[in-house]
Amino acid sequence: MEELTIKKIAVAILGATGLVGQWFAHLLRDHPWFNPSVIAASQRSTRKKYIEAVNWVLGSAIPDYVRDLEVVDPTPAAIAGVDDVDLVFSALPPEIAITVEPEFAKAGYAISSNASAFRLDPDVPLLVPEINPEHVKLIEVQKQRRDWSGFIVTDPNCSTAILSLSLAPLHRAFGLRRVIVSTMQAISGAGLEGLFALNIQDNVIPFIAREEEKIQTETLKILGSYQKEAVKPADFRITASCHRVSVSDGHTEAVFVETERKCDLEEVKNVLNNFRGKPQQLSLPSAPKRPVVVLDAKDRPQPKLDRFTGNGMSSVVGRIRSDESVANGLKYIVHGHNLVRGAAGSSILNAELLFKLGKVPK
Amino acid sequence: MEELTIKKIAVAILGATGLVGQWFAHLLRDHPWFNPSVIAASQRSTRKKYIEAVNWVLGSAIPDYVRDLEVVDPTPAAIAGVDDVDLVFSALPPEIAITVEPEFAKAGYAISSNASAFRLDPDVPLLVPEINPEHVKLIEVQKQRRDWSGFIVTDPNCSTAILSLSLAPLHRAFGLRRVIVSTMQAISGAGLEGLFALNIQDNVIPFIAREEEKIQTETLKILGSYQKEAVKPADFRITASCHRVSVSDGHTEAVFVETERKCDLEEVKNVLNNFRGKPQQLSLPSAPKRPVVVLDAKDRPQPKLDRFTGNGMSSVVGRIRSDESVANGLKYIVHGHNLVRGAAGSSILNAELLFKLGKVPK
Amino acid sequence: MEELTIKKIAVAILGATGLVGQWFAHLLRDHPWFNPSVIAASQRSTRKKYIEAVNWVLGSAIPDYVRDLEVVDPTPAAIAGVDDVDLVFSALPPEIAITVEPEFAKAGYAISSNASAFRLDPDVPLLVPEINPEHVKLIEVQKQRRDWSGFIVTDPNCSTAILSLSLAPLHRAFGLRRVIVSTMQAISGAGLEGLFALNIQDNVIPFIAREEEKIQTETLKILGSYQKEAVKPADFRITASCHRVSVSDGHTEAVFVETERKCDLEEVKNVLNNFRGKPQQLSLPSAPKRPVVVLDAKDRPQPKLDRFTGNGMSSVVGRIRSDESVANGLKYIVHGHNLVRGAAGSSILNAELLFKLGKVPK
Amino acid sequence: MEELTIKKIAVAILGATGLVGQWFAHLLRDHPWFNPSVIAASQRSTRKKYIEAVNWVLGSAIPDYVRDLEVVDPTPAAIAGVDDVDLVFSALPPEIAITVEPEFAKAGYAISSNASAFRLDPDVPLLVPEINPEHVKLIEVQKQRRDWSGFIVTDPNCSTAILSLSLAPLHRAFGLRRVIVSTMQAISGAGLEGLFALNIQDNVIPFIAREEEKIQTETLKILGSYQKEAVKPADFRITASCHRVSVSDGHTEAVFVETERKCDLEEVKNVLNNFRGKPQQLSLPSAPKRPVVVLDAKDRPQPKLDRFTGNGMSSVVGRIRSDESVANGLKYIVHGHNLVRGAAGSSILNAELLFKLGKVPK
């Protein structure tokens, strides 16, 4: 019954014409709490209707609500001119986000950002609500230090979001010592114009700019512990090798793990399947029933079959097996939708947590 | 001048209609030493001309010499009925090879096999001529023990062949402690009818039957040392995760290595680039000038661009970087052509070594 | 309000483990009129639960209702042993359908078939309900002639279903004289095991067995007129060239048309966009609002963006332009989902029409 | 023996860093008559070595001869500063070619261009040497009218080059009345940066800018007759529909033809297979033995298998069948390599004809 009494709050999408922006527009249609009434993008799009500004590439049609919205500049003033917004989603490129997001925070907005610009700032939460909801405490630290009335909350890089969901329950149950991950990432991870067809058709590109660094740093912050107004990074070691393959959506990651304590495979499977967090407890609208879903078939997960598990919000794990090359070795495959749990879906889940905790509206 | 005086020996190809068989037929056209005069395949092909029996799928046209050869049964008698062959290449499936190859060995033939059936037998050489040419000594052990006048020599699984060329120089220079490899393998690795289009288009399949086991065992035998009529496996540890991606030809492998001795990246690069072996010393016809080629570009090797390096016989290495997650950690990408160095090309190189060493003709 | 009073009828799916069968299972979940309570497939599947018998390859999860249903033989007796079914959907291969479907018709079942076996029989309706709902009159002719208490109704081949929706309004408005169609068909059109990856990756296959013949004959029957207990084929001429391309789902067709009467492009667009038929009048549950949707963008329709238009039940037309090479020449592109409007969706729409017209239950 | 006495002439490649430019560099390695000693490209490349300026994407390694050549401006002065060149190949984009090519012609250079800028100018030959070698007579008309000491010769658009080779023998033998062509074009046809991966992976794009117009006009000029200092276009009618598919290289075209005279299929096959022209008579180095190769297999030609027929210089035809929808109707598939016969290879063949006819050197 509670749902009936909630008055939706107006939200804005910054960077709404890019690929992640399109996913925000898609996932926020019919949202029970958020009303996406303002659409902002770079100058070449402004003053156009969204339908005219966007090169819509999602397989589902552009939602009706957003077709005729006029695109405005990504500035607090421009947004205030359209609606009284409390919450701002950011799908801005990092080089734009770094100046634009603080302007919004200064102006009192809550920003749920998918941009990488502030993820590693010590007073900015890098949230995966199933894993580290207590990191929201950094918001107060951030507001105080920066003298902002609003604040910025971030979500991780796509590969990291998917990976960390599988690592968190293992870390709690067995203690991680070392993680080695090798990714096979979808072309949509490069954005609308990030990759030429000639370069990836019938090919593998064994390099994605800054991706390995992001996995190696963000994972440790996400699994870190909140202590004295700061996050102490998790103390295991992690290394990544990142590769682009010819798949539309969905990142697949081969993970090799060494744990502190011996772990039997049935136990691992149970720990992953039974993992639940704050979003599940609070029944947040975008929370999947199971953040991690373990498949038993010998050849899963696969992007084509599993990317939309939990509406794209679950990490799907398969092929859990022992790694005999090291003490307490484990290996498995994890897969997730790079634009849902790996981008827009995560930002929305973060915002839902903030809303439920009363951090927005102001 | 030496070339002029060589009289070609007749050779047979068993399993000539399969994908590896086609590559044998292709690579052996115009071979300076071997004259492929007998073509054998399973019963549904026999008594047909090769052109009628084969579903030729190579991008280069079927060689003239082989078009009209009549396909015979893969038996010593059938082959002897066509030509006086000294050397037999086997591209038979393992469940056939296990009975057929010994018949040939018993009948006095030298078999250079790409089949997996005997690779791990203690008295059968698993040859990569740049790495372990001394393993040919097992031939005498094998003949004696089994009371064969002929013998079987094998080459490794495709992923292993490509990987081991990059590991051997590192093992010699720095001592390997542990190897972790994650593969992205081409669809041609599954053979002509091993994979349905529906299952791999826009997809990654994170499982290849028996592939991880092959990498984990074969690599240690290849890098092992010949001691007292046996091969003592190398004593480092190795673990693999194998995946199929939507690429026509060429396997890409992400390798994480821990070495005994500290290694600096320039040194690693030099050690790999300067690696040479017996095939290069002996100028074997199929030997690439450089068994391992290191590329400096940040996003190489790539299947589309690099699969034919060294006519498909080189392992191409790139992205050599430190792995800070472990002491003496190193990571890199290695790529090679799965049907040339990974299959038919390796068997031919093995046969060339045997020929040059006087092991064939009898 | 009507919906509330409808009691669902039990239906069976024959050939339920194949690709079209999987789409039946998917599309019939939560159907307002039909309760798919019996699942039949070939002997190697029977006595297993559906989840164990099927190699489920749809991107959406296998529906809960069907997971644990036991697969039975595709015989009237086996089906009667499970539930009192009135309507049977057939996704059987044609060589099975030709004997199995008549057994069901004889036993009194209404069969809505996607198999090609009976499509061209003079007393069997080849239905596209928007185009030729009056062809259902053939049912009585069929029952009488064959002395069946049940009957068979068929839907067209995938390419034909998609094409004919675009041709029907043009034929009515301008009179078709000649149609030339060149298809670019998805790999899923070949079924689960109809195409090897090696043959289509980085390739085009300019041949699909019997497809051109199907388009050339079925289209004329569909657009034919019911006269004196028979269908008189439409009298324009039609020719097809069929090709497989590396696309997962959705057939694209380049159409060149010559009409009797001059047609201006705006008029053509209106005629297509405004086309409606019986399913729309009757608000059949699977009827798309618009059977034909015209897109204005210069580079549409595209499989990736448009295959799910009208939930996969619309034909999407674009690039309508004059063909100056002939009098009254027109050319355009039409696209549709080969497994929805091109297969299971069409059979379901046919059954909905029959249900609404009182042809089922008996 | 003739070859031994030919002194190679120096040639330049304009637009050498683009995709067609790379194919020029590749195909001209070891050319018996032409020495490609000057490499020109746009300003962002000049003053760099070719290896540094180019993003080499061909599967074969960059030829040694060209690696260290310094890239110069595409101006007569810059080129004259490097070598005494007689012949210039142009792979410039049309908007650059339109000003640059005349400067070279004015300065006395022979230009063999792959650019579209001047193809339809009445005094510029649009050459396919097997079809219309007599069109070289336009060179004198051109030089006179424009008062140039040099001249421009062009080759057709990729799809047109491939198509016209199949049409010419049919036109001669049976008289063409109408041609309807539907293309399935490779992604490399869009150049290095012409297509984003996101837009074509798992997709078909039914639009290629200006392609249909090019086919419709260029074909008629190519098959036209030289009369009174001009080319009279062929008088049949032609219409095209052009589509991009996910194939690396090689354009496939479905062709429907109506001829003046009745033609039997065996005759058609012979006429195509036996087609020869000036390049074959003169044994031009790049001339394929057979300009048109007919395949009998029911599912050929295919890009993966047939693109390199005749070293990429042959048009490969298959599936010749009657089209019963019209009098004297015929349909077939034609395939060719879009970057060899469809681009650089054609320009080189044109230049070889000019050289052999004494049009170059001046």
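Each chain gets a letter, A, B, C and D, in the order it is written, and its residues are counted from 1.
By our rule, a residue touches a chain if its C-beta (ideal position, glycine included) is under 8 Å from a C-beta of that chain, and two chains touch if they have at least 3 such contacts.
Worth saying up front: this structure is predicted, and the values here are computed from it rather than measured.
Among the other chains, the CA centroid farthest from that of chain B is the one of C.
A count of contacting C-beta pairs for A-C and for A-D identifies A-D as the more extensively joined pair.
Rounded to whole angstrom units, the spacing between the C-alpha centres of chain A and chain B is 43.
Averaging C-alpha coordinates per chain places the centre of chain A 40 Å away from that of chain C. Per-chain Cα centroids separate chain A from chain D by 49 Å. Across the assembly, chain D contributes 57, 201-202, 246-248, 304-305 as residues in contact with two or more other chains.
For chain B in complex with chain C, the residues that touch the partner chain are 19, 57, 187-188, 190, 192-202, 246-248.
Taken in their complex, chain C has these residues touching chain D: 178-180, 182, 184, 201-207, 216, 237-239, 241, 243, 245-248, 252, 254, 256, 298-305, 318-319, 323-326, 329, 331, 333, 335.
Within the complex, the chain A residues that touch chain C are 56-61, 201-202, 248, 304-305, 307-309.
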